[in-house]
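Next, two complexes with chain A in common: one pairs it with chain B, the other with chain C.
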Partner chain A sequence: MTPPGPARQALELARKDLLLEGRAGEALLVTAPFGGVALLLFPLAIGTDVPLLRSVGYGIYWVVVLLFGVLVSLRQSATDTPAQAALLRLTGVHPAVRLTGRAAANTLLLLAFQLILLPVTVMIYDPPLDSWPWLLAVLPLVAAGLAVLGTLAGALAQGFAGRATLGPLLVIPLALPLLLSATQVAEAVRYGRQPWSWLALLLLVDVVAALAVALSARSLEEYS
Partner chain B sequence: MSPASRLPYDACRAGRQAHPDAVIELCGISVSVERTPVLRDLTLTVGAGEAVGVTGANGSGKSTLLRLLATLLSPAAGTGRALGSALGSRECERIRPHIGLIGHSPALYSRLTLAENLRFFCRLTGVDVSAVGAALDAVGLGRSADRPVDRCSQGMQRRAELARVILTKPTLLLLDEPHAGLDTGSAGLVDAIIDDVCERGGAAVVVSHDRARLDVAVDRVLDLRAGSLHDALPSATVVPGQGLR
Partner chain C sequence: MRPVPGRLTAVTVVAVAGALVAALTAPPDRLQGNLQRLMYVHVPAAWLAYLSFAITLGASAGWLWKRRASLDRLASASAEVGVFFTGLTIALGSIWGKPVWGVWWTWDPRLVTTAMMFFVYLGYLALRRATLDATVRARRSAVFGVLAFAQIPVVHMSVVWWRAVHQPPTVLKPAAPTIDEWMLAALLANVLAFTLVYVVLLRARIRLAVAEEAYDAAHDGAAGELAGQAITTPDYRKEFPNHV
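Up next is the complex of A and B:
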């Protein structure tokens, strides 16, 4: 038997995670509506100050994406059983390839999650839409960054009894540059500045996180 | 040294492969799990074509022994080799695809069907996907191929894991309570798979509380006590409820 190449293996792993998520439906049918409810709660707390809601809407969207997206990015890692983890190790697939497959699936899930919440945000907050073309770059970059950080934290927390709690605690501080960059892209456009430096920061976070996964995957597995 | 040992001790201590045809060689191995010593100064050799059974009380370290042999745990002390690779070294990554492990808990994804589980495993490892149907037929699950795992009984899940072993043809087979949940007819399936691995020059280590089935399935039975392996008493001398005779 000749094992397929790493790209094919990562694709198979991502396909499996997406199939499992599609059948469980927790990320998009439970977490996304809950995120929508969270978006609704802010106006209830702040009041119907329309100019204020318009100005904070974009930022609140990214806060909700960050907080609930962490749960999406950690879900599969949290549901893996020790027996399934052991079996995957015995397939001979390199740990970095396994984490890449998981990160790819999480990226697609997070992108769908963001796209579900976006129209809800527009309806509730009516934010200025002048920065929307930039969202075509920001959405996938944030999704990828959050997915990779979630995958990394999931691998790090593997084997700990409190991994469901530990995961978000690890991801949220590391994901703050993503939140900052995503909100600052809109701010830059609103005030007529070029947002390239913030996009570059997003890309840098993604690349550093991906490198961290690739370089630490084997050690993380041995440690867990 | 345990009487179960069949290994020249000096060669073993030096980390050399003392028996060229040995599939497993453990010498003075100690393993701790979360800082608790589980296996202590354990020595074992399993040759090509040999099936070894391991019995022992609950918590004696049987599953830990299987995880060590599967290269999923590293020894804290001592030396050991499985399929020619030193345990705890990077060489182990090379041999992992040749190890078939059926643990105490099933490693199936509950929201996938039995066939989807096996097809995923095949695609990941390069096994011919078209063989999945025949493997499921061989374990009597041909008609349940499209049933989700969470709607299958424990015995069906166990048989699906045996189908995975049939597909991958491992050289080293490690089974943890393989007869658990299986009906009388299916138990013979486990024996046939063990025989197949041994006939191909591989080896099997089978952990079980079912001594009667173990006597049929393996060549010799060892008892894991206080973290070390000892030759087990003949099963005829143990009478349930009456102790030793």
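Up next is the complex of A and C:
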């Protein structure tokens, strides 16, 4: 029997992660409502000034996506026990393939997370929707970048008791270009400019993060 | 511990004294007056933050290649010193910013990216503290030490790429430096003195790490007092001697 290729292996691992998340419901049934609560709290803290909320709504949405999206990437169901990791190693799955599978599952979950929070943001903040066609590119690019960085942080903090707090500290500062680009796309559209340079920055961050995962996967694998 | 300071420490003390004299005797800025003298500490501190993290990068990459414990110690010590100098850079910039810009902090790209760099390397140190096993700690922090360096070019180029309140590079730029000769000489003297301070701190931190490792090795496996050791399970036969 021919063993499945790396792409098939990564897809199967992503499917396994999604199945586990489907059973646990940690990302979409717990973290997403928590993000919704955060969106609701900002107006109570900064004041219910409708024009002000309209102008800051889009930025607040991306801050919530960034902060809570890391929790989606570092969810409990996205951890491998030493026995699971050993089994995958024995079956010949390359560490990069393992991390790619996890990143792919994280990307889909983050995209779903973003899509859940977007209508909530529109409803609460009523931000200008003139940049919505660009969101079709921004949403998946941010989801992919955050997912890859989250996967890397998850691998770095694997097995730690403080994984859920250390992981965000490692990811958030590195994810700053994602936040900047996502918010600046809307800003550029508002002032009648083409936001291609910000999309290019998003793509660059995604590619660099993916390369970092691919190159460091074997080094991170050895510990377990 | 040596009672008399070594040659390097003595040279450093002399260099710092000379740099202090140079900083105090250099002409004041035409607009900022004596406030500008803070730059003789702020700029060298920022330069040392870059240098520290560059050495962390080199040592981390070296560890991934050669797996030598000394490289891990160098990477860790340099990151610690770098975090200190980054914090100093931010604090001094803030002290300078209040009278000159009118605010302690502003949303300038250079300031924000520097603060992010500070937090990235705090994350690096947190990662090291969270890992107990020496080899796992070295491996994970080496990977992160290489990744984290991606921030440094962004910090340095932020004033060129974005419109900023922070002034663009004065010395490290393609064209000739745009600074008075005396000021430049005082600045370079301070950069040299601070680099020596960095070397002294780095050496001291590495020695401390070696001593810590020796201590851990000496006490590894020794019967230390464990939490809850005073509590013992009740002796059933003693409590109930007649129980069959």
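Everything below uses one rule, namely that the second predicted complex is superposed on the first by the 214 of 224 C-alpha atoms of A that agree within 3 Å, B and C clash if a C-alpha of one lies under 4 Å from a C-alpha of the other, contacts with A are read in each partner's own complex, and residues count from 1 in each chain.
Methods note: a residue touches a chain if its C-beta (ideal position, glycine included) is under 8 Å from a C-beta of that chain, and two chains touch if they have at least 3 such contacts.
Not measured: the values here are computed from a predicted model.
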A:Ser216 touches, of chain B and chain C: first, second, both or neither? second
First, second, both or neither for A:Gly92, with chain B first and chain C second: first
Touched partner set for A:Pro4, first chain B, second chain C, both or neither: first
Partner chain(s) touched by A:Pro82 [first = chain B, second = chain C, both, neither]: first
Which of chain B and chain C A:Leu156 touches, first, second, both or neither: second
First (chain B), second (chain C), both or neither touched by A:Glu12: first
Broader residue contact with chain A after superposition on the shared chain, chain B or chain C: B
Contacts of A:Leu174 with chain B and chain C, given as first, second, both or neither: second
Residues of chain A contacting chain B in one complex and chain C in the other: 222
Residues on chain B engaged by chain A in the complex (per definition of touch): 67, 70, 72, 74, 93-94, 96-97, 99, 101, 103-109, 111-112, 116, 120-121, 123-128, 168
Chain C-facing residues of chain A, complex: 152, 156-157, 160, 162, 166, 169-170, 172-174, 176-177, 208, 212, 216, 219-220, 222-223
Complex contacts: residues of chain C adjacent to chain A: 64, 112-113, 116-117, 119-120, 122-123, 126-127, 130-131, 133, 135-136, 139-140, 142-144, 146-148, 150-151, 154
Sites on chain A touched by chain B in the complex: 1-4, 8-9, 12-13, 16, 19-20, 23-24, 81-84, 86-87, 89-94, 222
